[in-house]
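We call the chains A, B, C and D, going by the order they appear; numbering starts again at 1 in every chain.
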Amino acid sequence: MSSYKTVLSKINLRDSFGAWWENATKRQRIIFRVALIGLFYALPFLDNPIIGTPETNFQSVLFYPLAVFVVMAVGLNIVVGKSGILDLGYVAFFAIGAYTHAVLGTFYGVNLWINIILGAAFAMVAGVILGLPALRLRGDYLAIITLGFGEIVRIVALNLEFTGGAAGIQGIPAPPNIFNVTFDVLDPKPHYWLMLTFTMLVVWMYMRLGKRRPGRAWEAIREDEDVAEFMGVETTKYKLWAFVLGGAIGGGAGAIYASQVASILPDYFTLNVSILVLACVVFGGMGNIWGVIAGAALLQYLPEKLRFLSETRILIFGLLMVVMMNIRPDGLFPRKKREKVYDKVTGQEISR
Amino acid sequence: MDFSILWSEFFGLTLDGIVVGAIYALVSLGYTLVYGVLRLINFAHSEIFMIGTFTSLGLSIVFGYTGLEEPLGIVLFFFVFLVMALASGIASGMSAVLLEFVAYRRLRRRGANCLSSLISAIGASFFLVELFRLTTESKDWDFPRMLSKDPVFSISTAYFTLDKIIILLGAFGLMFGLDRIINTTRLGRGIRAVSQDEKTAILMGVNVDRVISFTFLLGGVLAGFASTFYMLFYESTKFNVGFLLGISAFTAAVLGGIGNIRGALVGSFVLGLLQQYSSVVLGYNWRDVVTFVILVFVLLFKPTGLFGEAIQRARV
Amino acid sequence: MSLVKRSIGVAASVAVAFATFVAPAQAAPAGCNGNIKLVFQGGLTGGAAQTGIGEYNGFRLAILQYNEKKTASQPKVEVASIDTQASGSQSPALALKTVNDRCVVGVVGGMYSGETAAALPYYLKAGLPVISPSATNPTLPSVGGDVFHRVVANDLVQGPAMSKIAKREGKRIFVVDDQTTYGKGLADIIKKDVKATLVGKDSVTEGTTNFSSVVAKVKKAKADVVVYAGYYPEASKFIKQLRNNAATKNVKFVSGDGVLDEEYILLAGKYANNTYLTAPAYFLGAADKALTATYKKEYGVNPRIYTLEAYNATLFFLEAIKAGNTDKPSILKFINTKSVKGIGTTMKFDKAGEPSKKFINEFTVKNGKIAYVRNLINR
Amino acid sequence: MTKLLEVKNLTMEFGGVVALKEVNLHVSAGEIAALIGPNGAGKTTVFNVVTGYYQPTKGDVSLNSQSVLGLKPNKIARLGLARTFQNIRLFGDMTALENVMTGADARNKVGLIGSIFGTSTSRQDEKLSHSRAAELLTFMGISHRSGQLARNLPYGDQRRLEIARALALEPKVLLLDEPAAGFNPQEKVELGELIKKIRDAGFAVLLIEHDMSLVMKISDRVSVLDFGQKIAEGTPSEIQSNQKVIDAYLGVVDNAS
């Protein structure tokens, strides 16, 4: 009995995988990576009753909400998960990116590739403008300020002429073909692949930062801002960077989103989006990028899968969130480093 | 930009601003009390308010009042209104306590990250909204006209109708009552103790669980009364009635300095007036923009709100 | 409530499926076992569910009757629906599912302009014919190309109609909109029309409860007519607060089809009386007593605004099918060329997919009942 | 002996309450200076002012005869002033190694962009931080803890880790706030040796400590604070025989240790 208990306690997917990963040869790792990435690119073709969504088009769901929310969750994770800055207005950056492509793409014929960069850039500028004053505030004050910012961007889009007001912007162009893949309205696959590529770029960047100096600085700030400051961390600078990078990711994602849906309205960018993205981050496990990705995917996939419940699906969704957080307060895959313990004398790692 | 209206209609706008502010205040107190003891944004508080509105509505149906045709006699009105307010207060209070028990307690015991509680709260909020959407057929429900809306007296353009007078008196009465409770009763002292420093409070033998439940009860009851006032004033409700009002109330709490009771009150009235004035000067659609811009400026110069926080965290 | 609705739906489709099994029809797209599908797009849940369900019932009723009367050679028509919750961000994934279902030959909907605009690019690409019973934003044809049609006149027609009433009723006009695609679009048109007599304007949002600042503006502007472009929940609060203010209690209140709804009267009570309402629609209740009775018997509720339009739009598809068209291109061709007799009107579409007979009716509320006043525009 | 850290008639008031009054202190290269005094004498306040967390009401703080008043704490830290805390404040969810590396980073140039593209400088800096951190952990005798989360470390090792993290900044002056708190006599002796080792490694040390025996054993110079005022300064032996100090501590000395 007890032995079987101990066995169970030893079984821990995250850690055992971590162990495998560390002991894996370069070749094994590469194979694993390639296989995983391959799987993601192949997803649109795996539309079957088991994983498919009954009421909605699976490939389309893969793009929105799945891929879109995964990217946004990864972006917001830098802000909330890694640096511990509570941002309730993340949708603002998404909206800025979307409108960048909608306006420049539709009226000035700028193509998506440039608009992704511009969208990210504008989002960064907005991030600086908001961040410089706001980031001096502590958690919950920052939360309400960012929330306000999110709403303001929407309201402005609603009231300006060149954003099409309430009617929004229709006929947003898709990007030109690349390696004879056509971005067609009826075929979400290319946009999904594009978003997937963007995601991988973002993840790559995040990994680079995460385990280097900026990552440490952000975590230090999250753990104890005052002490971080005492230890020579330029807290203001790194907080701003986190905020702005997160924004840039949201902006890029927004541009791609606009290109896929081909018509956007201000009411796509309500506070609810911000809240959902935040939910994705926490649900998956703050600060652990793989957890966040899994959480976002799941949290966006479930409602589509549950559509057959039509009326009651959000009800059940809400209930799930409560239960989930009560069972696993730190999310599905909590950020917890696999601890290595060394023998005091020999300095050898003790497996436990 | 048109300031002339602001001047000519100043008193009217101000009166309505204060009335709205009073309703905000009762709700924002719920946010601020809970934040004080738990450092938690009780996201589902707006739904607690919503439950209150539907309780009042349900009673109006039970009493068989409908439409706008026959305003009740003043005596009968007070009886009915009192019953409604109490019922809403109890309903909201109870659901608030229940909410804490279901969505927060376990997380708190496990010393979970406050964001986890926030998500749990958001989940609870989704659940409640959907529950009421389904049971109320996602309709707007009208609340009977219980009092004539003809002004009793007026100061310049400010028409004092009975409902406004009652809301103001009621709100101030409740605020006074809350102040008494917090400052004189044992549980009230408990709340203050936990707000100051939970660990010490525990050492001093304060039963934190009871204090927290009591805090949610207080917040809920206030929101319940607020909901009845709201119904008296606007005469209709809907499953998502809490959302917009909740954001305003929370903003007010932050504006005043979240965790600070006096701050919440002042913040609410300031916000109520701000919204009135800005919406005539710049147009209703810019109202929230103005509100938030002003909020940003306030926080820039007073980073912990107009009144600062009651609770200063221990430093270094 | 919802459960009942669902079970009815299930029952219906089961019946259809069974009938199909016994009597396989000839002409129909392959792989749909002799059936073809019509899809209703609209908000069946969410804030706008009330109107949505009304339209959906009209849609279902038409198909139910067709399946009962149809000859053995004619294909069964299956009822399907996509619930956009009247929000544009939901429609794309649903629309794509619809166009990928080869049994679907037509869409009745969408219900609001926003969700329709978001879905149209997909329908256009797929050549899937669309007839909307209630999306009235003028920009839609530019998005929907030749697949988009609507049985109602758009806001370019309704706007002037409302302006007409406004000008008829007063000299100082104040225009308020709710910043929705529908409300803002309508308001912009009206503001242009009444420019000379426009004394003020404001924009509120959906969910606005406190109109006192707007009332103050109306008062200051000394307006004698207030035009509200939006939906009934806000309109009912607005009219109440106007009437309860001594200075504005006698202003004339003009509004459009977003407000023309029993709910409006329920919420605004006596204050709804003598307000001026327009709609590019008939009221089923008024137009066809017998049908209204069947409707009540079938769904246990009163028909609502646009229930009739949804019914008519569906009739157009069914006529096309009766005429032996069972695939998208031929049905689309039929819709673009032929004309069909619906309840209270004969439907035909022009190049843009707009009804060739555009009419706007004026309604008012007389002691708690919606009453037809006159036909304002008929071209 | 050059004065590395110098505090000139420092006055600190909180809303009228005087916490420090005209305090003069200095730390010279290669010495262990101690700052003692009864609870609430304002010792930690001195640290908070010196490290730039509080702005003094009056007076001046200079490092290498260059004023650091009004600089942000992180700047002052990088100029060569590192501290530990009375109540241990580590980055709990980071490993011991990362804690120290965070300190070590303060010596590096590489910024965010560099880290993204992994420029050669960034890679060098990473190596540098890592090796320096590893050395320090060994130096503090907790190398075997490097992979563990700080919050899971035993109390003693947490104290050592805090010192290691501070040393990683390669400060000119190291400020230790009651490092011996909660240690048993044996550990205290070890700690004393350690602090000497640190001094000999070329760091000047300013030490706040209650344990008189430790203070008297290791420090070269002792300053005594009482009610925010410096009442005495001198070698341990002088201090022990100083009447003022004895009055201030009247019987406190023993049970404080």
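Convention: a contact is a pair of C-beta atoms (placed from the backbone, for glycine too) under 8 Å apart; a residue touches a chain by one contact, two chains touch by 3 or more.
Predicted, not measured: the structure shown is a model, and the values here were computed from it.
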item: Most remote chain, CA-based centroid, reference being chain D; value: C
item: Chain pair with the higher count of C-beta pairs in contact (A-C, A-B); value: A-B
item: Cα-centroid distance, chain A relative to chain B, in whole angstrom; value: 33
item: Geometric centre distance via CA averages, chain C-chain A, whole Å; value: 38
item: Between chain C and chain D, centroid-to-centroid distance (C-alpha), Å; value: 74
item: Cα-centroid distance, chain B relative to chain D, in whole angstrom; value: 48
item: Residues of chain A touching at least two other chains; value: 158-159, 226, 311-312
item: Two or more partner chains touched - positions in chain B; value: 134, 285, 316
item: Where chain D touches two or more other chains at once, by residue number; value: 53, 85
item: Residue ranges of chain B touching chain A (in the complex, touch as defined); value: 35, 41, 102-103, 106-107, 110, 112-113, 115-120, 122-131, 134, 247, 250-251, 254, 258, 285-286, 288-289, 291-293, 295-296, 299-300, 303-305, 315-316
item: Parts of chain A lying in touch with chain D, wherever the complex brings them together; value: 205, 208-209, 212-214, 216-217, 219-220, 222-224, 226-235, 238, 241, 335, 337, 339-344, 347, 349
item: Residues on chain C engaged by chain B in the complex (per definition of touch); value: 1-2, 45-47, 49-50, 179, 202-205, 207-210, 212-214, 216-217, 219-220, 232-233, 236-237, 240, 244-246, 263, 266-267, 269-271
item: Residue ranges of chain C touching chain A (in the complex, touch as defined); value: 2, 6, 44-45, 82-83, 87-89, 92-94, 96-97, 99-100, 113-114, 117-118, 120-122, 124-126, 137, 139, 142-143, 179-181, 183-185, 203
item: In the complex with chain A, residue positions of chain D that touch it; value: 51, 53, 72-74, 77-78, 82-83, 85, 89-95, 98, 101-103, 105-106, 108, 110, 112, 115-118, 122, 125-126, 129, 143-149, 152, 165-166, 169
